[in-house]
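What follows is a set of structures to go through.
Shared chain: chain A. Partners: chain B in the first complex, chain C in the second.
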Partner chain A sequence: MIEYLIDGPLWHLSLAVFGIGVVWKLGSIVFASRRQDLSVARAAAGPAAFKTVFSRFIPHKEISSQIVIPLVAGYMFHLGLFALLFFAVPHVSFLEQNLLGFGWTPMPHWAFIVSAQLAFLGLIILWLRRMTNPVSRLISTLDDHVVAILTFVVMLTGCFALLEGATALRLLHRFTVELWLIYFPFSALMHTFTFIPSRAFTGAWFGRRGIDA
Partner chain B sequence: MSFRLHRPTPFFLRLVTILLLAVAILLPPTSGASNIPPKSPDYPQGVSSINPGSDLWREVRQRDGLIVDGISQVKGVETGVLINVRGDQWARFRINEVTKTVSYALVGVFGILVLVFVLRGKVGIKGGRSGRVVRRFTDYERIVHWTLTIVFLFLAITGLILLLGRPLLLPLFGKEVFALFASASKEGHNLFGPLFLVSLLMMLFSFTRHNIYEKGDLGWLLKLGGLIGDGHPSVGFFNMGEKFWYWIVILIGLVVSISGLILVSPNFGQGRVIMEISHLVHVIGALVLMLGSLGHMYMGTIGIEGALQGMTSGYVDTNWADAHHDRWSRECQQKGLTLSADEFARLRGETPAADAEVAAQERAK
Partner chain C sequence: MSERLEKGLEVLRSEVDYKVESFFSSCVNCGICAESCLFYTETRDPRYTPIYKTEPLRKLWQKEYTLWGRLAGTLGIGQPMTEADLADWEELVYDGCSMCGRCSMVCPVGVDISGMIFKVKHALAKAGFSPEGLVGAARRALEIGSPMGITLTTVKAVIKHVEEDTGLKMPVDVEGADYLALLSSNEIALYPEYLDSLARIFDHAGVSWTLSTDAFEATNAGLQIGNKAIAGQLVQRVVDGAEKLKVKSVISPECGHAYTALRWEGPNFIGKAYSFRVVHILELLDELRAQGRLRTTGKESERISFHDPCSIVRRGGIQAQPRNLLQPMTENFVEMKDHGSMNWCCGGGGGVSSNERAEELKLTAFNRKKSQIDEINVEKVVTACSNCRMVMEDGIEANEMDIELVGLTEMIARHLADERPT
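Let's turn to the complex of A and B:
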């Protein structure tokens, strides 16, 4: 019964909430009414927007020495999680069999383990930094903590189910993934999709005014 | 692991068996004298024979204490040994001796700590809290400490499930649920193990400067931190006990990490003996760390008032610092590194008492 629920209706419900929620959120951002910029453009906004999307991957020199921990841990976590999500053997075969109908070459087992370790360590350090740094602590909301803990739990249950031998452990992982998908559109997890338009908007806004952002 | 013994070959073995049976039947009874019951008028003579495979199985089971290495197509360490009796001995030793020792040690130390708390209670701050605080640990130091804590606790819990789960959890939850616990713990323990080594190295690079021997440490040790003689011995940033614990964590932690890596990577040519020694070293080292951690956690939380604050907020009360680390406290106060309660509250994003009072007065007007 639980297996049927988790593999069936709950999975479809979570996918629907995730898909509709993300599209709705992105749509509401794209189609939100904005005041027309009446200022005379000093430079083209498009190239500045494009440049800013990528330039933000590297911190400004002025602050780089102060953000070494979140920078390194951030890259560890995000790259590790990306590799896990899209190149782990069970995920590739799951996506092929259940969603896409095609697959790609997954990464070898040792790379999978290293990716998981990077992701875990990065996430732990990022969350601890949020708790210990006075400024990060002040600007953090409950949602930030829920997102960190929920993501950690999803990764942890995935790690528990590594052997792929026990149905209960697989179901536990899938259930936490479903919770994560349902929570996704209503939380800071949306930065997965919004970071590109956000950077582009900032770059365009400043670029139009001739500011190198 | 598939296994095929090539000496003798199956065909040859069958042939030898048939020949031995034939010889055993044809030979006169005296050839098997040792197996024939003693002659007695009440005991009828029967036909007896030697098990033709007894020599083979005696060697396989290593009855004579010699490990007979056969030939196998599987190339690897000890793949020529069909049954390793030492493995059974090790399993029994692990189940009977290691698990018992670990259980007794953990329960014993926990009991001692409970007894200490009952007898002594929480050690308060001499003179109470002053309200002024001084910074004890940087954000980075606290991140390193808590990273190591999280990883260590996870490894300790999963490790104990793997070691003590069979006698403790199996009777409680049954085979199926325990199998889930054990499988999940094994995967989690193996995955998080290397993170412990990384956290340990982070700690080595960030805390070592505070843990070098300095003048006065020997005096602290001789007075056992104030238990012998009058007054609290003068102490800098860390006392000798804390330094001792730090180097135990680093050195034993490295031993536990290396032995763990040997265990988790059995494909680098290490044999059964090395694996068994690594296992034992891993368990003993982990036990030392767990027992020490119990004491460390006790002292840091319910044992000594004000100590935990140093690791949660990064700041400690100046009276606490005066009582436990007087030399370091004096240095900080001389440099003017202390903060008032209101400054500390603002730093924490809380409403300072003074601001709250002003706000209350304004509301009253």
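Let's turn to the complex of A and C:
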């Protein structure tokens, strides 16, 4: 019964909430009515918006030495998680069989281990910093902690699920993923998508003034 | 709910737009912006973290525009916003933020934090949570015509002195002139050499220009306090003056926020595009230089650097022009370690210098600029904003630094070639 619920209705529900929630949220940002800026632009906003979406992946050299920990840990976590999500053997098989109908070459076992270590270590460092750094502690919200814990649990149950033949562990992982997907559109996890319009808006603002942001 | 709170929340609601939705949805509270803010780096007080200064707006957004906030509101378990949510942020956004915009340059998810702080300022100003110094400046700007209480009589006296010093007839209310030159209060009261320099340079370059008795003040206390209605009225005064004289362009003086108010925000404040062009004095001087109409002579041998005013460079896009202008006049030009669009603020922008209450914090924040100057061991610093100049003079005095400060327009006037370009 639990297996049916987790593999069936709850999975479809979580996918629907995730999909509709993300599209709704992005749509409300991208297609919202906006006031025209009446000042005369010095340069085109479009190219600057496009450029800023990518340029913000690398911090300005003037600040990078002050943000080494969040910078390195941030990259470790995000790159590790991306690799696990899209190139771990079980995920590639799952996506091929259940969602996409096609697959790609998964990463070898050693790469999986490295990715998992990077993702775990990065997330733990970021969370510890959130708890101990006076600035992060002051500005962090309950949502920031829920997001970190939920993501950690999903990753942890994912490792447990690697134990072949343990259906309960596979179901546990899938259940936590479903919770994660349902929580996603209503939380800071949305930055996965909203960072794109966010960077673009700011890039456009600076760009029309002729500033490389 | 008190009337002030109601007013503040109403303004905050009106400020929630697609950008706010995108920015708060993207912010993961990493705190990286703290390291970009001189009020944080010089005090290490986490309350000065830029994104924390937007907390009233974030709190309202979270309560009224997110699922969890609405759910909590419906169930009656959410804490309502109180006057303290606005009052407690007055000091943070008015004293502890110079609107320099450095935070907006470093946010990894691209949040324009500075833009959102202005939205908070707007709400606080409307709700009556603004420092006395800025409220007074705004009142004087509306009633007298200048935040420092400078009247037309004072301006006329300065004009008379400049005419005596330069031997040049100052053009006043000349209809059909190409350019209408504006002044900041500082330039009238503290640095009249700016107008003197302008007269000499324009005479040298053969520029058709005028001053206006209706619109002489460029500063905008409405922008500083965050009140868009006042800002619009002050911009409209300039627009009316420019249209009355039928000028082709209006020259924004060496004043950072005046440039922002006139060039970038002005049309939006008054709700219509201008019929004239707004040009910053450095842009115009660089254009004249490129056209061969502005020629200088002599190079200064001392080590000289340039302080980039935030509103002109980082938020205004005028970065190459001051360097183009300085290059022919300097032998030992040295850039500060962080310069251009990532330069550090003087600490007195965004109305901080008009806010007596912030005096001590402003001087603490100036330590960042002091470190920048000390690092490069220069004898002279040139800038192009009278407010930066005044704040830095205070800082230099307080720290007993042996540095000469000079305005760029003034420096050019000192180096004007004798022969006029043909």
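What we mean here is this: the second predicted complex is superposed on the first by the 213 of 213 C-alpha atoms of A that agree within 3 Å, B and C clash if a C-alpha of one lies under 4 Å from a C-alpha of the other, contacts with A are read in each partner's own complex, and residues count from 1 in each chain.
Convention: a residue touches a chain if its C-beta (ideal position, glycine included) is under 8 Å from a C-beta of that chain, and two chains touch if they have at least 3 such contacts.
All figures in this text were calculated on a predicted structure; none of them were measured in a lab.
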item: Joint occupancy of chain A by chain B and chain C, clash or fit; value: fit
item: First, second, both or neither for A:Met1, with chain B first and chain C second; value: neither
item: Chain B versus chain C as contact partner of A:Phe201, first or second or both or neither; value: second
item: Partner chain(s) touched by A:Leu99 [first = chain B, second = chain C, both, neither]; value: neither
item: Superposition-derived comparison: chain B or chain C, residues of chain A touched; value: C
item: Chain B versus chain C as contact partner of A:Gln117, first or second or both or neither; value: first
item: Touched partner set for A:Leu156, first chain B, second chain C, both or neither; value: first
item: Which of chain B and chain C A:Glu62 touches, first, second, both or neither; value: second
item: Partner chain in contact with A:Leu138 - chain B first, chain C second, else both or neither; value: both
item: Angle at chain A between chain B and chain C, C-alpha centres, nearest 10 degrees; value: 120
item: Touching partner for A:His191 - first (chain B), second (chain C), both, neither; value: second
item: Touched partner set for A:Arg35, first chain B, second chain C, both or neither; value: second
item: Overlay on chain A, chain C to chain B nearest C-alpha distance, Å; value: 5
item: Overlap of chain C and chain B interfaces on chain A (superposed complexes); value: 133-134, 137-138
item: Chain C contact footprint on chain A (complex, rising order); value: 25, 28-30, 32, 34-35, 37-40, 42-43, 52-53, 56, 59-60, 62-63, 66-67, 70, 74, 130, 133-141, 143-144, 186, 188, 190-191, 194-195, 197-203, 205-206, 209-213
item: Residue ranges of chain C touching chain A (in the complex, touch as defined); value: 17-19, 21-23, 25-32, 34-36, 40, 46-47, 49, 51-52, 62, 66-68, 104-112, 115, 263-268, 271-274, 277, 314-317, 319, 337-338, 341-342
item: Of all residues in chain B, those that touch chain A in their complex; value: 139-140, 142-143, 146-147, 150-151, 179-180, 183-184, 186-188, 191-192, 194-195, 198-199, 314, 347-349
item: Chain B-touching residues of chain A, taken from the complex the two chains share; value: 69, 113, 116-117, 120-121, 124-125, 128-129, 131-134, 137-138, 156, 159-163, 165-166, 168-169
